[in-house]
Amino acid sequence: MGKRKKNRKKERVKYSSLHQVPGQVTYVGNKVSEAPSIEIINYSKESVEKSQSNTIEDAFNYNENNSITWININGLNHTKEIEKLGKHYKLHPLILEDIVNTQQRPKIDDYDSYLFVVVKMLYYDDQKEFINEHLSIAVGENYILTFQEADGDVFDGLRDRIDNTKGRIRNSGPDYLMYALIDAVIDNYFTILETMGEKIELLEDTLFLESQEEGITQEIQDLKREILKIRRSIFPLREVISRLEKSEHPLIEEKTNNFLRDLYDHIVQISENLEIYREMTWGLMDMYMTTISNKMNEVMKVLTIMASIFIPLTFMAGIYGMNFEHMPELQFKYGYLCFWAVLILVFLAMLWYFKRKKWL
Amino acid sequence: MGKRKKNRKKERVKYSSLHQVPGQVTYVGNKVSEAPSIEIINYSKESVEKSQSNTIEDAFNYNENNSITWININGLNHTKEIEKLGKHYKLHPLILEDIVNTQQRPKIDDYDSYLFVVVKMLYYDDQKEFINEHLSIAVGENYILTFQEADGDVFDGLRDRIDNTKGRIRNSGPDYLMYALIDAVIDNYFTILETMGEKIELLEDTLFLESQEEGITQEIQDLKREILKIRRSIFPLREVISRLEKSEHPLIEEKTNNFLRDLYDHIVQISENLEIYREMTWGLMDMYMTTISNKMNEVMKVLTIMASIFIPLTFMAGIYGMNFEHMPELQFKYGYLCFWAVLILVFLAMLWYFKRKKWL
Amino acid sequence: MGKRKKNRKKERVKYSSLHQVPGQVTYVGNKVSEAPSIEIINYSKESVEKSQSNTIEDAFNYNENNSITWININGLNHTKEIEKLGKHYKLHPLILEDIVNTQQRPKIDDYDSYLFVVVKMLYYDDQKEFINEHLSIAVGENYILTFQEADGDVFDGLRDRIDNTKGRIRNSGPDYLMYALIDAVIDNYFTILETMGEKIELLEDTLFLESQEEGITQEIQDLKREILKIRRSIFPLREVISRLEKSEHPLIEEKTNNFLRDLYDHIVQISENLEIYREMTWGLMDMYMTTISNKMNEVMKVLTIMASIFIPLTFMAGIYGMNFEHMPELQFKYGYLCFWAVLILVFLAMLWYFKRKKWL
Amino acid sequence: MGKRKKNRKKERVKYSSLHQVPGQVTYVGNKVSEAPSIEIINYSKESVEKSQSNTIEDAFNYNENNSITWININGLNHTKEIEKLGKHYKLHPLILEDIVNTQQRPKIDDYDSYLFVVVKMLYYDDQKEFINEHLSIAVGENYILTFQEADGDVFDGLRDRIDNTKGRIRNSGPDYLMYALIDAVIDNYFTILETMGEKIELLEDTLFLESQEEGITQEIQDLKREILKIRRSIFPLREVISRLEKSEHPLIEEKTNNFLRDLYDHIVQISENLEIYREMTWGLMDMYMTTISNKMNEVMKVLTIMASIFIPLTFMAGIYGMNFEHMPELQFKYGYLCFWAVLILVFLAMLWYFKRKKWL
Amino acid sequence: MGKRKKNRKKERVKYSSLHQVPGQVTYVGNKVSEAPSIEIINYSKESVEKSQSNTIEDAFNYNENNSITWININGLNHTKEIEKLGKHYKLHPLILEDIVNTQQRPKIDDYDSYLFVVVKMLYYDDQKEFINEHLSIAVGENYILTFQEADGDVFDGLRDRIDNTKGRIRNSGPDYLMYALIDAVIDNYFTILETMGEKIELLEDTLFLESQEEGITQEIQDLKREILKIRRSIFPLREVISRLEKSEHPLIEEKTNNFLRDLYDHIVQISENLEIYREMTWGLMDMYMTTISNKMNEVMKVLTIMASIFIPLTFMAGIYGMNFEHMPELQFKYGYLCFWAVLILVFLAMLWYFKRKKWL
């Protein structure tokens, strides 16, 4: 509970820090690193060259036309370095603002000489907490720049494929690399869907447990919130990819379009699954309500059975506890025995009644 | 319950296996056969020839222009064979990926020399479990290829109609055969609707049973999930068929368009019925809630009647059980009799009261 | 209840019988007559001629150009006769299929020489059961064909108006007659709305009755289903009429367009009213839920009042029923009287308390 | 309650009377006057002339081109008179039908020489009952005709403004007068919104009252119905005004368009407010449900506290009411005193327990 | 509560005062100041000049072409002054009406020589009460006029930036200043979102508190109302900004478009967040309902446990309180002891039963 609150507060802080001068590059996220981690991969059909660095200037040496340079920067709080890189690659100031504005929703901006795409890397961290990482991609004629909030991403498989001389990446332009990056991000959404499915299934099962805690409504509400946030990250992507596909930007080669259409299919499929999870989650509260009511029903039945059986019996005992002088039954020799007989009869009649009503 | 969980886990596995290299043909379904089952039907106006095989190369001998060849492959796990066939018929690599990706939603891709359609065969198996089978159809100038996950399909009536020399199939091109295939698939959706209707009706009836188990909310939730999944398979088909009808692809003959429009009518009708079932199912939870509340009302009434009748009577008995020295009633000769008279009066008054309130 | 189920089963049978060869004329409805009932009205500005027959060939004699022939066929199970008529008037095979497919939703098909419209006649029969009758209209240059499932329709007023020499029908083309037919059908929807309104009002009133049966949730659910089915019959009609109005088919005269626009207004008005009924019906379940809860509240109040009043009093009686040797109150001369005084005081205090709480 | 039902029945009657011959002018409303009340205002820049009459022929004398004639007819049951007027001004028969069809929804029809607009005057009468009055406006080159169901309207302010020589009305064409009429109608919708807001607020407050009657769910349901009906009268007006603005009809002067755009803003604003009231009203049922549940909780608490306190005490008293021969406590000198001490202890413990649970 | 009502009444007053002559400038808000507060900022690349005044005529001296004049008027009740200013800058009368009509929704009107934009400044005042302030902006070639209801706004940062010689504002036209003003307004919406988030979180936490008051449903309903009102202020802004961006008005320079697109991204992001809050708030009532039911469950459990334990025990005591002559147990030496033994056994059995049921 305490943890949840802390998270929310952080988010509020983000909102507030958005009050800024337009065009000014201010990092509003909460992942802070000491130095930017810069990874440079320079590849052509013939060769691949990989290097790591902490100074942005190292990234300025790769301007040859016959190779593609992928520069990946981790750590958006180093706005100075990002501005330098932006100047070197002549990015528009508003784009630099978008790169560090982790609140920016997925979008695509096409400028004459480059394309700029914002997507969201979604994953659950080791503590099963949902992480929404801001990823910006700028693609030019022979370079591709990616900006991430922190180390660790979903591109390891991609890095391996670049090493493969015969792979499609090595034989295609930066547009294909961009496609491959977004594809890796979207492929990862499927694991999000899986975790989502597991969470819903877990909640469904929890609803029927006896020892269930009160916090379950809060959990359902939180799951709703999570789904709504994921939706907000995924839905705009449909339009982004659709516009990528339809844009006739010179950077997008004809043959890449087929792959983009495939990507579009995937993102639509993810959205549809998400909508199903949404419906399922919204249904959980109703399920919970019926579970509570069923439990109350059970409690009430126990009370009713106990009370209905013993109240008449107690009444009978009360009768013969009276001190009237003339109570002939009290003097009967087998009065007490008869009393017990009637008692047991009433008791059995009650049992039979509740049995017939299926309450027992 | 155990079964349901297993199914879900399988699905999650599918999601995970989607992390793949684009264009790579990987089967992600869970129906595995040892050898592909290949069925070849070659027909023209004059003659029909049918054969079965397990080796894909047998399918390469039918290239004559004056006959139509329908090659049906069962078993999508044989990706090698499918790739071979794909190469022979010059299908795009992404199409091969879609053929074996059982998670692919219904779609249509039109290439210059062929059309590619993905639809979903939906049916309930013998255990009344819902089966969603992936079906891909590729149509060229004189061939039609169909890819299914497993043996058994809804095309037996179609196979018979091919034998009929005077049937429309024999006198039309492959576009009509494609129409007939999709029509057979969609016709089968009507049985899905029927089963759906039966399930909802059964649940509605179950809600009023006395001996109803708690699992009913889970059943409603599962039915919701099923409807949402069927929707996801059926809804995209509307657009697929609409695009087929409007596409002016040279493979689609003018006279087939009327049939496609008819198909569109059918799929819209199915969607509308599905929406009605959706509304009905969503209403079930409310119905259940009122049923529970009605039952609780009944339980409460029993308790209230029992308690309201016997608590005052017990009180009366308690009064004359007191040991005050001066209680004149106790000495009255007919005290005990009077007591009983009053008791029965109170009892009858209570009964009358509850009768008037319609609680009895 | 038994009746309801039978109806549903019939419907399912319909679905199943839809598995058919495309273009084949198979009747899927459940209204069967022994012989088709054919009604022929031939009219021009000057004269009207009416005849009844059971053989379709009688309808082939009216081909003159200077008069309009309205042929009305009741009984869609006589597919042979309908096929003959279709051949005579050169109707497309798919249209013949639509004529007998009672599951076909409202639609319009425009062919070069004729228009084909499907609408639904909705009414409640004598047993207040909802009837959805399939009506197909084919309009050519000097003829109009109508196909109904059974005898009895909403066109009697229309037949009278044809007799009127000065009426607009006699002075207009078949397009106006088609308009008048659809107008009669739509006018009848208003009675459907009325019955709907009555049903909802009745249910609302029933909800507050004491003696209400459990079946009311089923009734609400059934009403929902009915509204959804009516919607499905009415909503597509909006598009049908809108397309009729906008189509520039040579059969539709300019002056008829104003009437079609008027028709469109009516159907929109009906749809809007239906949506209101829909909202009202969906609200009924909530109303019912609150009614149940209110009743439970009342039950609980009775229990609480009875228990709260008598439990303390019984306790008091219990105290003086104890057998302690030293209980000074028991020996007091006015002990018993005092006891009663206190008892009545407590009783009155309780009454006052519940009165103040407004529970009495 | 009785009143409400009567209203509904009237409405049903209206529906039924709609079964009519197209183009026939039949009044379907329920406001009937003995003679039509005809009001004629003839004005130009220089002069104004006002007159009242009961015979329609008096309205035919104002045909001069240099003045504008506003003829207002109250009483739609005088269909003969309306037909005469219609003939005089050459209105289309279908327009005459719309004038007297009080069920007609808001719409605009543009003919070559005149415009025809239907709007709804909404107001609450003295008994706070919602009144929906049908208003038709026909605008020609130098005349404007308005048709109302009954005397009394929202145009008094407008009539005053016509007297003002310098006002915009006197210096503009009939299009501006039409605008001013619709503006007056729409301005009145704001009072509807106010009453709506008051009603919702009242209901919200009523929900928390102790002495609340059961009828509140019916009131909420009725309010829903009222909002839905108002919506149906207001929403189509958005399109009407939008089309008025966009139509390039020669009757609409360029400078009037700005005013129409302003009108459009108002109607959109009203629709938005109505949607808010809609959401609020739909939320009322949930509020009521929680209120009921809260009350039941309170009832249950009283019962539980009373029962939990006195049942154990009664048990204790019962113990010492037993007649065992060997019950040493009964002989103790201070037995009775000890008993009371324990009793009070238990009582206080119970009180403390319920206090801690915040039930007291 | 009293406060809330007062607010509502004020709003109703506003609605009523809208009944007015079109084009007449009548203030309908409720913030009234004695004299208008006029602030004039005249700036060019080289210099800035700021002045304050209470007389509108002071604003007429800034007509030079080489500088931009920003005139900000606080106090919309001074309609005379606003009309004077309007005449000076040749604003259309309807625009003057919109400036003082605080009920006007956000909109954009483009006239030949100026643009007119209405937006809403939203903030919470010191008493955490939601304030919706009407802001109108008119932009001409070298001037910008802003009209606010009261002193105090969100433009202080902007005023500082104007002082900065190198800032983008000083080097751009009035279109950029307009952008900067709207940007400041929208940036402030983020604080609204924050407060909203806090309020929802607070309500969620309150739902689980023991000592929760009944008023919580009213609070949820009020929050819903607040969200709906904010929505109404924010949603139209999407279209306003989209139209600003797409309009090719000569006043909007090409380079400003990028900033407007950025603004559009922000407003979409705000709308999306608002929708999430909406969903969350709508879910609160369900959460509350389950909380109430859970509490009732707890109450019922206490009652059931108490009653189920003591009712049988009291019955047992009642048995041995009977006065039958022949009750052998009463004479047993250890009868009383045995009785206690059985009593405790029954008591423990009950405890064990409830423990097993997890009710204790």
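All chains are identified by letter, namely A, B, C, D and E, in their written order; residue positions are counted from 1 within each chain.
Here is the rule we go by: a residue touches a chain if its C-beta (ideal position, glycine included) is under 8 Å from a C-beta of that chain, and two chains touch if they have at least 3 such contacts.
In this text, all values refer to a predicted model and were calculated from it rather than measured experimentally.
Fitting chain A to chain E on CA positions gives a rotation angle of 70°, reported to the nearest 5. Taking each chain's centre as the mean of its C-alpha atoms, chain B lies 43 Å from chain E. Centre-to-centre, using mean CA coordinates, chain D is 27 Å away from chain E. Multi-chain contact residues of chain C (touching two or more other chains): 286, 289, 293, 296, 300, 303, 307, 311, 314, 318, 321-323, 327. The assembly's chains link up in one ring whose order, counted from chain A toward chain B, is A, B, C, D, E.
Residues of chain E touching chain D in their complex: 5, 8, 11-12, 15-16, 18-23, 92, 94, 97-98, 103-105, 107, 109, 210-211, 214, 217-218, 221, 224-225, 228-229, 232, 285, 288-289, 292-293, 295-296, 299-300, 302-303, 306-307, 310-311, 313-314, 317-318, 320-323, 327, 329-331, 333-336, 339.
Residues of chain A touching chain B in their complex: 157, 161, 167-168, 179-180, 183, 187-188, 190-191, 193-194, 197-198, 201, 204, 207-208, 258-259, 261-262, 265, 268-269, 272-273, 275-276, 279-280, 283, 286-287, 289-291, 293-294, 296-297, 300-301, 303-304, 307-308, 311-312, 314-315, 318-319, 321-327, 357-359.
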